[in-house]
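Presented sequentially are two complexes of subunit A, the first with subunit B as partner and the second with subunit C.
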Partner chain A sequence: MSPWLALSPLLVVGIGSLTVMMVDAFSNKKDDLSILSSAILIAAAAIAGSLWFGGLPPQTPEILAPYLAVDAMSQFFNITICGGAALCAMLAGGYLREHDLERGDFYSMLMLCAFGAMVLSSATDLVSVFIGLETMSLGVYCLVAFRRGSARAIEGAIKYFLLGSFAAAILLFGSALLYGATGHTDLLGIGQTIRNGNAELGLALVAMSMLVVGLAFKVSAVPFHMWTPDAYEGAITPATAFMSVVVKAAAFAVMLRVLITCFGDPLSAGAASGWPPIIAVVAVVTMIYGNIAAIYQSNIKRMLAYSSIAHAGYILIGVVAAFRVQNTAVSAVLYYLMAYTVSNVLAFGSLIVMGTRGKEAVTFDDLAGAGKRHPMAALPFIIGMLSLMGFPPTAGFFGKYYVFNAALQADSGMHWLVIIAVIASAIGAFYYLRVIVYLFMKDPETGAPQAVAMKSGYVVTALVLSAYFVLEMGITPSNYLKMALAAAAGLV
Partner chain B sequence: MEVQLGHYLALASIIFGIGAIGFLTRRNVLIQLMSIELMLNSVNLTLLAFNRWASSDHAGQMFAFFVIAVAAAEAAVGLAIVVGFFRLHHTVHTDQANTLKH
Partner chain C sequence: MSIAAISFFFVCGAVAIASALITVTQNNPIRAAFSLLAHIIALAGLFIGLQGHFLAVIQLIIYAGVVVVLFIFTIMYIGPVPKPESAGRPSFAKLFSIAGMVVVTGAVTYAALGYSPALKGLNTCPEAVAECGQFGGVEAFSAALFRGGVVPFELISILLTVAVVGAIMVARGRLIYREKPRRKKQELSIENNR
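For the complex of A and B:
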């Protein structure tokens, strides 16, 4: 297979974002940028799908081999990332026009971030991990700061930027030490050197903990979560949706690749040594803290930010389980990420559809009684909340089920982890159901501002698509699990 | 005394530590940005030292070039955000960034 063909999903998104930039610069008609960018992203997802199902080459083309993997897992993430980004571009098409923020740079920035995320999720070398991570992150900082005149947006961006760069520096120092310990920068070479016992083990362990810190920051695991609520609240809602789905998926992809490929040897991946116990502890703290902090939020975007922290905790359980039952656990994580992508787009999309200019739904009180006034807009909100809560038959339920199942199969020492996760998700049900209670059972106080639902074909399309996938993944989960299993088999 | 790998690594770790402490203790965004640059440059020093003493290929040299390029991009985006912050608050102290409550 020629390297051009193997890279075509990346090239389509990269050249597409430049095209969008040019159209924005030279055209007076800016209305259709949302359609253009989501069409390009969907095309890239379709190309990734046809590359995958049309038969991947047994080996990555030689010129790409050390840096980027062209395997089933990278195509899986290309589809998830491009699909999620396309839905966010549709949400932006409605949101930006409604709130008079219509600027074309949003779409090209969004696509460049998606490009970085795609590089990151198929990176197999410390250099390409770093470049993918920074390409994605630098774009996301700009997306958070998109509403330049808003003190909240700039504040969220400055906090995210400072902490993000700090974490990137730590990750980079870890990469440099790992290079020193093994003499390799490609993940496969590093893994082989450690396995053969030719590495400086002490140095490699220090490097591993620094890499884990840097990656835990990107997936917003406690105690590296401080930026999450602020950045989520400050950013405009389509950008928040993008951060919570695309950035998270790519960060988990690279976390799996680094931990399994580099540190898959028995010493670094044991039940009592190496990364599994560290990540297990992080997962427990993340689940408990995320769920409890979410209860106390009055702002819905902050509530969803803490919910996204809690979900990172559940996914980390799957990552831990990968040290024993690699295929089952990795496929569970992949399924979870796909389910989380569509559920979260649905939740943020419903929040967008509940607001018009000056009458945006921000807090729970704004939502009071909105379900009675706009039942059709409340319906996707209910499906999204039930899926995030893990209520059958939605995508979220099977995501949790597969992850917990993988943990139970992995090691008897992980049973307590699953018990804590189940308790944490029971706590989580409280604040998800609270949204539904406010929508239908509360009446707005007299004189309080009321959210008015918007009418936008773009947002409705995104909501219909994501609601379809949330239900489809919940009703026929085996098809998607099969896909995830095929993708997980590519990871060595 | 001949300069060995260990000396370079010690120097790089000290610079990284100074950068990290500077980032965590100072509240001026510009100084925090400088601290991050220090940390990135200590990484470059580490990469080059390992490349000279402990490696057969030039992967470390190549990596350092990428780090330099990305650091420049990061500084550009960071300063743009700082300019936006300064326009609103007329200061570059992160203590003023307290609109969003926990």
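For the complex of A and C:
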């Protein structure tokens, strides 16, 4: 396979973003950019799919080999990332016009971020990991700062930028130490050197913990979550959806690759040594903190931010389980990420559709009685909340089921982890159901601001598509699980 | 090593140490910046002694050409006001920095002695091998950059694009915001809603 063909999903997104930039410069109709960018992203997802099902090369083209993988897992993430980004571009098409924020550079930046996320999720070398991470992160900082006039947006962007820079520096330091310890920058070479016992083990362990810190920041695991609520609240809602979906998926992809490929040896991936205990503790703290903090939020976007922290905790359980039952656990994580992508787009999309300019749904009180006034706009909200809660038959239920199942298969010592996760998701049901209670069972106080639903074909399309996938992944999960299993098999 | 090479090393090393000391002890920032320039040029000389021709040129272009100019520009912008000589007992900052200097020097010396190639048996490059002369040269560098590492090299071009577009995007947002004062009202109503 020629390297051009192998790179084609990346090339389509990269060249597409430059095209969108040019169209923005020379055309006056800004709302068409939403269609253009989502069409390009969907095309890239389709190309990734046809590369995958049309037969991947047994060997990565030589020129790409150490830096980027062209395996089933990278195509899986290309599809998830491009699909999620396309849905966010559709949401933006409705949102930006409604709130008079229409600017074409949003779409090109969104696509450049998606490009960075695709590089990150297929990176097999510490150099390309860092480049992908920075491409994605720099773009996301700008997306958060998009609403320049708002103090909240700037506060969130500055916080995210400063903390993100520290996290990137720690990750880079860890990479440098890992190079010093093993003499390799490619993940496979590092893994082999450690397995053969040729590495300076103490240095490699320090490097591992630094890499874990840097990646835990990106997936917003406690205690590296401080930026999440502020950045999520400050960003415009389509950008928030993008952050919670694409950034998280790419960060988990690279976390799996680094931990399993580099540190897959028995010493650094044992039940009581190396990364599994660290990640298990982080997962427990993340689940408990995220769910409890979400209860106390009155702002819906902040509630969803803490909910995304809690979901990072559930996914981390799957990452821990990967040290023993690699295929089952990795496929569960991949399935969860795909389910989380569509559910979260649905939740944020419903939040967008529940507001017109000046009459946005910001707090729970704004939602009071909105379900009675706008039943059709409340329907996707219900499906999204039920899926995030993990209620059958939605995608979120099977996501949790597979992850917990993988943990139970992995090790008898992981039962307590699953018990805590189940308790945490029961706590989570409180704030997800609270949205539905406010929608249908509360009446607005007299004189209080009320959310008014918007009318936008773009947003409705995104909602219909994501609701379809949420329900289909919940009713016939086996097809998607097969996909995830095939993708997980590619990871060495 | 020939006598000329050894004396070149010692001259460059002496200049580098002396100018570094001047940089940190000068009160006049302009003089400090110029002795930093001398230090950078001496470092480039040391790189040449190590066969790192490309690195030496880069050192001159980036550090001497860009960074020092930026420093001087900033100093000029703020105004070169020399700090008055402090009389009396030395300040805490001065003592602290001298202590730091001693610690760092000690640590580096210890590390250099502990990890010297002769002791650890690291592979050093004997001059007889052809590739060793190449290492750090322009040809070897460009071969690594454009043949082996062409993928990350091209990916960095997208990273730079993101940085430039993002900077313009954030800066332009403020201009648009100024042009449309009516948006302020909407912001306020959203803030009130919270």
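Rule of thumb we're sticking to: the second predicted complex is superposed on the first by the 492 of 492 C-alpha atoms of A that agree within 3 Å, B and C clash if a C-alpha of one lies under 4 Å from a C-alpha of the other, contacts with A are read in each partner's own complex, and residues count from 1 in each chain.
The criterion applied here is as follows: contacts are C-beta pairs under 8 Å (C-beta built on N, C-alpha and C of every residue); 3 or more make two chains touch, one makes a residue touch a chain.
Just so you know, these numbers come straight off a predicted model, no measurement behind them.
Judged by the touch definition given at the top, the superposed model places A:L172 against subunit B, while subunit C stays out of reach.
By the touch criterion defined above, A:S307 reaches neither subunit B nor subunit C. Using the contact criterion defined above for the overlaid structures, shared-chain residue A:S244 touches neither subunit B nor subunit C, since it reaches no partner.
When the shared chain is aligned, subunit B comes close enough to touch A:G180, but subunit C does not. Residue contacts after overlaying the shared chain place A:T60 against neither subunit B nor subunit C. Legend: residue contacts after superposition of the two complexes on their common chain; A:G358 is shown touching subunit C, with no touch to subunit B.
When the two complexes are overlaid on their common chain A, residue A:G132 makes contact with subunit C while staying clear of subunit B.
In the superposed model, A:P229 lies in contact with subunit B only, and not with subunit C. In the superposition on chain A, A:T193 makes contact with neither subunit B nor subunit C.
Overlaid on A, the two complexes show subunit B and subunit C touching the same residues of subunit A, namely 127, 131, 134, 138, 141-142, 145, 148-149, 157.
The touching residues of subunit C, when paired with subunit A in their complex, are 149-152, 155-156, 158-159, 161-163, 165-166, 168-170, 172-174, 176-177, 180, 183-184, 186-187, 189-190, 193-194. The part of subunit A that touches subunit B in the complex is made up of residues 126-127, 130-131, 134, 138, 141-142, 145, 148-149, 151-152, 154-159, 161-162, 165-166, 168-170, 172-173, 175-177, 179-180, 183-185, 229-230, 233-234. Within the complex formed with subunit A, the residues of subunit B that make contact are 9, 16, 19-20, 23, 29, 32, 36, 39-40, 42-43, 46-47, 49-50, 54-56, 59-60, 62-63, 66-67, 70, 73-74, 77-78, 80-82, 84-85, 88-89, 94, 97-100, 102.
Interface residues of subunit A, counted against subunit C in their complex, comprise 14, 18, 21, 63-64, 67-68, 99-100, 103, 105-106, 108-109, 112-113, 115-116, 119, 125, 127-128, 131-132, 134-135, 138-139, 141-142, 145-150, 157, 299, 357-358, 360, 362-363, 366, 449.
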